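Two complexes, one shared chain (chain A), two partners (chain B, chain C).
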Partner chain A sequence: MTTADICLLVEGGYPYLLGGVSSWVDSFIRSLPHRSFHVVAFSVSTQPRRRRFELPDNVAHLTDVILDDCPPGVPPRRRAAGQIDALIDEMRRLLLAGAGPAWVDFVRELDRCGLAQRALLDSRAAWSAFERVYDATVPGAPLVDFFWTWRFLASSMLAVASVPIPPARIYHAISTGYPGLLGARAKALTGNPFLITEHGIYTNERRIELSVADWIYESPAAGFDVTGRTGELRGIWLDAFNSMARISYDCADLITTQFRMNQVYQLHDGADEAKLRIIPNGIELDRFAAIAPDREPRRPTVLLVGRLVPIKDIRTFIQAAALLRRRVPDVEALIIGPDDEDPAYAAECRHLVQQLELQETVRFLGRVPDVRAYFGRVDVLALTSISEAQPLAVLEAGAAGVPAVTTDVGSCREILEGPAEPGPDGAGGFVVDACDPGATADALARILLDPALRERMGEVMRARVHTVFDQRRIIARYDEVYESLSPVRADA
Partner chain B sequence: MMIENAGDGFAGTGPLLDRSTPERLPVALVAGSTVLCEVALAFALVRGSAPPAVAIAVHVALSILVGALALAVLRRTRSALLVHLALWTFTAGPFGAALAAGLITLDLTARRRAVDQDFGRWLDDEVEAREHDPIGRLRSDLLDGRLRLVGDGAVRPLRATLEGDDRAAKFEALARIARRFDPSLSHVIHAALGDADPSVRVLASTVLAKLQTLHTREIATLQAAAAQAPASAEASLALARARLGYARSGLIKALQVRTELLAAGAAADDAVAAAPHSVPARALRDAIRAAIGAGGPAPGAAR
Partner chain C sequence: MAGVGFALERMTKGRSLSSTAGAYVYAALLVAGPWIFTVLGIGGVGVVACAAADCAGLQVFRTIIIYNSLTTAILTGPLAFVCTRFVSDRIWMKRYDSITFAFVAAFAIFAAVALLTCAPFYLFLTDLSAAEVAAVLQNLVLMGAAWLLIPFIGATRGYLAISIAFAVGIAVTLVLLVLAPGESPGRLLSAFNAGLCIIDFALAWQLTREYGLALVPDRELLRTAITYWELPAIGGTFVLGLWIDKLIMWFAAPVGVSVVAQGLRTMPNYDTPMFWAQLAAIPIFAVFFVHVETNFFRLSRNFYGSLTREVSRGRLVEMKVRMSNFVFAKISGLFLSLAVIALIAILISFIAIEPLGLRASQMSILRAGLAAMVFHTAAVFCFIFMLYFDLKRCALTISATFLLLNGTLTAALMPLGFAFFGYGTLAASVATLVVAIGVLGRELPWLDFHAFVTNNTSLRAGPRRRPGTTRAS
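For the complex of A and B:
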């Protein structure tokens, strides 16, 4: 296997799932044609692995790490109970309160002894050790639930600790979590530099997922008392993901993210401030700057670009359209985005349109060949997402001079209002609270009913995107980061 | 319509009925007539035109008549207004009848005022009032599990948690609500939507979306069942109850509340059409109509 310039470590997306981060990864690799990549995709065995992206020519290898498919490892020796006991105890400490140095010691020990599933999960000694872990961790929790929690966390940790490390000059994880663990291990065993780029903060995203997860058992005994420890098994999952973040941050040479608020969370999760950098998303300005506004008479038009999934909160957009129609009766609301990821949610959205009698107002256009064709024909972009990092749709529309109304998520406020607060050039749109159709409709109406304001905001957006989010400059910054980490060039 | 949670009462029709009071006029009429009769009887007794035995007999007969009417109304609408009238009249004659009639007038006036208000504003005011009035707080405390025999003082109100700086506690509060949601806790989610910490806002939005989705998925399932069995009153009734539950969940804004109420009313109409003599179906339909009557125009009419 040839040594790649960059080993890109990606969890749960590229090249198998569509989405913001997957699109970013694809565009990122294509933007660096002079560097070769080895992509490592982390997934679970139940996730379909049909490629949704054609791999760019500079991807030399693609390796799958299946988190719930731990390698068997060497069989345990007869008198290995003590060693197994010690390793499992170390795994428990790593999962509940891990840190970089302990992880490095652990992976070196595993690398030396070659033990994995057979010894550390399936052996009699492993069962005895598991019982002790249970008594020491959550003695009151249901044993079966704890068993499966432990089984997944331990086997995924072992999978990451056992997978062959792809040869590469730099290891670049696109999150903490499992990619971060592998990056930390690669750095420890190869000595090569390790970089983290976080779009959304991994611990925040996992915490949110776990908070609404139905599959985790939770005793009702605590009622609504939230002053104590997080409920049992959920607490273990949270501790594990926090540990992974801490290990990743400890071992990384540099940590980049797109906007300042993310850095606050990274510091909170234990990142060293000296390692933190901001590199925003970039877009190809040339592709969007040339889009001229269509001056033909048409209905006032609002555009939403996003998958029909709950996180985009399309329901709020539809309700906002209903309220907006009271003030702008001939308004048209377009929704561009695939609807096959959550068909039930997509059906609910269509039903809501019927229920609110909006068939003449809201149109679902599905996946379109080129979204640019619409930017010249709309007056304002809407984004009602309940979670985002730095949405490309807002940047792309902005580059074409389309103002936006967005929820106050991710870096939307920074994009619309500038890095500090609206400067003399003003804002490129309005930021509203999430899940608030009334506020969304009000903001959209202000822009639709005031052509001068619309024009001004569009120009502000265009100028800001061209100044801050030019992909050529962003890619150059990543190139600089790679250069600073490794003096060895790909073509050297 | 009351936005206050009826808990498991969503599944039945009982708690809704005392809000509907379709017989406002007859109740007032009966109360007024009773007062007049009692006053006339008292005058007749004082003037000597009616002997005491006759006056007592007429008084008892009148009380029994009002009592019978009260029971009939109680059975149909669960309104206890006339029961008060009967008891007060029997106990204190004209004075009791006048007192009960006064209370009835006050009650009916208050209801009318609420009905006359703009739907959305009234709804918001109602929610706001319920969150902060002592009964709303007590109910919230009970549902929070903060009122216990032991250690009750140790549990912090969820709303207060949202007002503090402990990010982990805020996450935990929202996680608990996501798992054991009750409409009276919706104000905590709405407060979290405005939190200064973006990650708390994101979780609040996620919890809200998840809870909404639970309702909409249930409605979709029941809707499919009702479509498959258009002659089934039970299927339409279940759909009407689910829609009413969503409307009263505190999870959606006024526009969608009204839309859900209209859809609930249509489902209840279907249930009554399928089973014209079904008491639960008719009662639910009447309750939903009364709730809709408190609102403004239908969404389609707003264009």
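For the complex of A and C:
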């Protein structure tokens, strides 16, 4: 196997699933044709394996790490109970309160002894150790739920700790979590540099997922509030993801993210401030800069680009449209995005439109071939999500000179108001609280009813996106990071 | 048999002694109906067809039935274990469409192997006429069909139907022999085969009534046999273990071997007392299925059912300990009951020696056989518990131990002479019980481990994606 320049560690689907991060990864690799890549895709055994992306020419190899399918390893020796017990106890510590040095010791020990599933999950000694972990961690919790929790976490950790390290000069994880764990292991075993790029903060995303996960049993007293006290099994999952983040941060040479707020979370999760860098998302400006505003007479138009899923909070957008219609009676609200991911929620949204008698106002356009065709025909972009990182829709609309009203999530405030407080260049739109239809409607009305404001905000957005989010410039920054991290090539 | 067991248990709680006794007789018929009615049938054939003591045809007939029973048991044992698992899984999944196919497939395998191996044997190594060989092979196939149909009907707790079918079939045999008397092996076999036809027809009718006539091929049957390879091995070793001492006696005993039809060797001096000894276990089997299995079913349902009810480890361990204590208490109780039955049988044998068709010289074999029955049956109960817990390899250890020891020790003690016949089986039974108790004692504390890890099919679900590296282009 040839040594790649970059080993890209990706959880979340590339090249098997479509999505924001997958698209970013594909575009990123294509933007660096002079570098060779080895992609490591993390997935679970039930995930479909049909490639949804054609791998770029500069991807030399693709390695699959199946998280719930760790290797059997060598059979345990007759008197290995003590060793198994010690390793499982170490796994427990790593999962609940892990740190970089402990992970490095653990992977070196596993590398030396060769133990994996047979010894550490399926043996009687492993069961006894598991019982001790249960008693020490969640005594009284449903055993079957803790079993599956432990089984998946331990098995996935062993899968990451056992997969052969792909030969590469730099290891680049596109999140903490499992890619971060493998990157940390690769760094420990090869000594080569390890870089993390986080789009969304892994621990935050997992926290949101876990708060709505109905497969984790909790007593009703534990509650389901994402901000409240977590139940004991949810707590274990969260501890595990926090540990993975801490291990990743400890071992990384450099940690990049797209905006300042993310760095606050990274610091909270244990990242060393000295390692943190901001590299925003980039977009291909040429594709959007040429979109000219359509001057034909039309209804005042608001556009929302997003999947019909709860995290986009389309219901708030629809309620805002109802309030907006009172002040802008002929307003039209367009929703572009697929509705097949959560059909129940999509149906709920359509029902709400009927209930509020908005059939003449709100239109669901579904998936469209090219969203650019709409940017010239709308007055303002709306984004009501309850969680985002750096939404491409806002950047793309901004590049075309469309102002936006967004919730205060991810980097939306930085995009609309600039990296510091709104300076002399002004704001490219309004930022409102999440789940607040009234504030959203007010902000949209201000832009729709004031053509001068709309014009000025559009220009601010266009200028800011061109200055800060130019993909060529962003890619050059990653290239510089790679160059700065690159070990001296033996063949150089 | 737990479903039937609950009803039987209620019957045994009747107020009068007669109702309790009746319940146990009924239970015995359900537990061992086919066996009991077959024995009664063979005995009845002798009474009805042969008035004279030296009825040569009857001896040939009985020997053929023994040979065919042996062949059928050995060939259907592995198939029946696989089919039982397959049918249970299908019933649990409420997918009944391929069950009839499973029976037909198992029967086809049995018939092909049985005919290919036995036809040359009967044709070339005995002096039976072609017509008699045809009747023998017909008997073999009909007997195999009946033994294979039993687990399919038993899966839906149709034990009563099975016993009634056997009772009616044997009655038809006897009626035919009364109406058309004769003592040639061919005549006796034809009557017996007619009875078997009735049994097979009744059981097959019951099968198709439950699962339909359509034959829906299902690869899962083969996958069951491969995945649970221990099951056919258990079936094979268990049945062979029961017969191995007889086979060794027939072909290696220095004295007492009887040869009929020039090639059919048996040893009535050994077979008959051992057979009666084994028959003595039936009452305790009835007790096992009426009382022990039903109560065990409650405990195991609590234990395994609790896994889906968010139970804590502490509570699960409590239930496990309760179940383990129950198993050991019942094994001890059953062992004592078996010992009492054996003792009573030994005492009765002194006065019932003639009705049992025994001679004084066979009494030592009977005593050894009864003692062996006590230990072997207790080991079989351990074996059954292992299967309840789905500890297939442990069950295989027990059946293989008995097979190995019964064969080895019977052969080893044979040179010591007639006085030691049966003691090989006794020693093997004692050793097997020791092994079985040891295995049970080792595994019962690990029931939760087995439930979560060893027998957890979710951990070994179908074809999965495999990790690995591929070239990108």
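The criterion applied here is as follows: the second predicted complex is superposed on the first by the 474 of 492 C-alpha atoms of A that agree within 3 Å, B and C clash if a C-alpha of one lies under 4 Å from a C-alpha of the other, contacts with A are read in each partner's own complex, and residues count from 1 in each chain.
In the analysis below, contacts are C-beta pairs under 8 Å (C-beta built on N, C-alpha and C of every residue); 3 or more make two chains touch, one makes a residue touch a chain.
Predicted model only: the values in this text are computed from it and were never measured.
Undergrad: On the superposed three-chain arrangement, identify whether chain B or chain C touches more chain A residues.
TA: On the superposition, B touches more of the residues of chain A.
Undergrad: Once chain A of both complexes is superposed, is A:211 in touch with chain B (first), chain C (second), both, or neither?
TA: first
Undergrad: Based on the superposed arrangement, let me know which partner A:135 touches: chain B (first), chain C (second), both, or neither?
TA: The answer is second: A:135 touches chain C but not chain B.
Undergrad: Once chain A of both complexes is superposed, is A:122 in touch with chain B (first), chain C (second), both, or neither?
TA: Touch partner of A:122: chain C, not chain B.
Undergrad: If I apply the document's touch criterion, which positions on chain A are contacted by chain B in one structure and by chain C in the other?
TA: none
Undergrad: Please output the residues of chain C touching chain A within their complex, sorted ascending.
TA: Against chain A, the touching part of chain C is residues 307-308, 310-314, 316, 446, 448-449, 452-453, 459, 464-473.
Undergrad: Residues of chain A touching chain C in their complex?
TA: Listed in rising order, the residues are 1, 39, 43, 45, 47, 49, 55, 57, 59-66, 69, 71, 121-122, 124, 127, 131, 134-135, 139-145, 147, 151, 159, 163-164, 166, 217.
Undergrad: If you look only at chain A, which of its residues touch chain B in the complex?
TA: Residues in contact with chain B: 201, 204, 207-208, 210-212, 218, 220, 222-227, 230-231, 234, 261, 265, 310-311, 313, 315, 319, 322-323, 325-326, 329, 344-345, 347-348, 351, 355-357, 386-387, 408-410, 433-438.
Undergrad: Going by the contact rule at the top, pick out the chain B residues touching chain A in the complex.
TA: 143-146, 148, 154-156, 158, 161, 168-169, 171-180, 193-194, 198-199, 201-203, 205-210, 212-213, 216-217, 220, 253, 255-256, 259, 263, 299-300, 302-303
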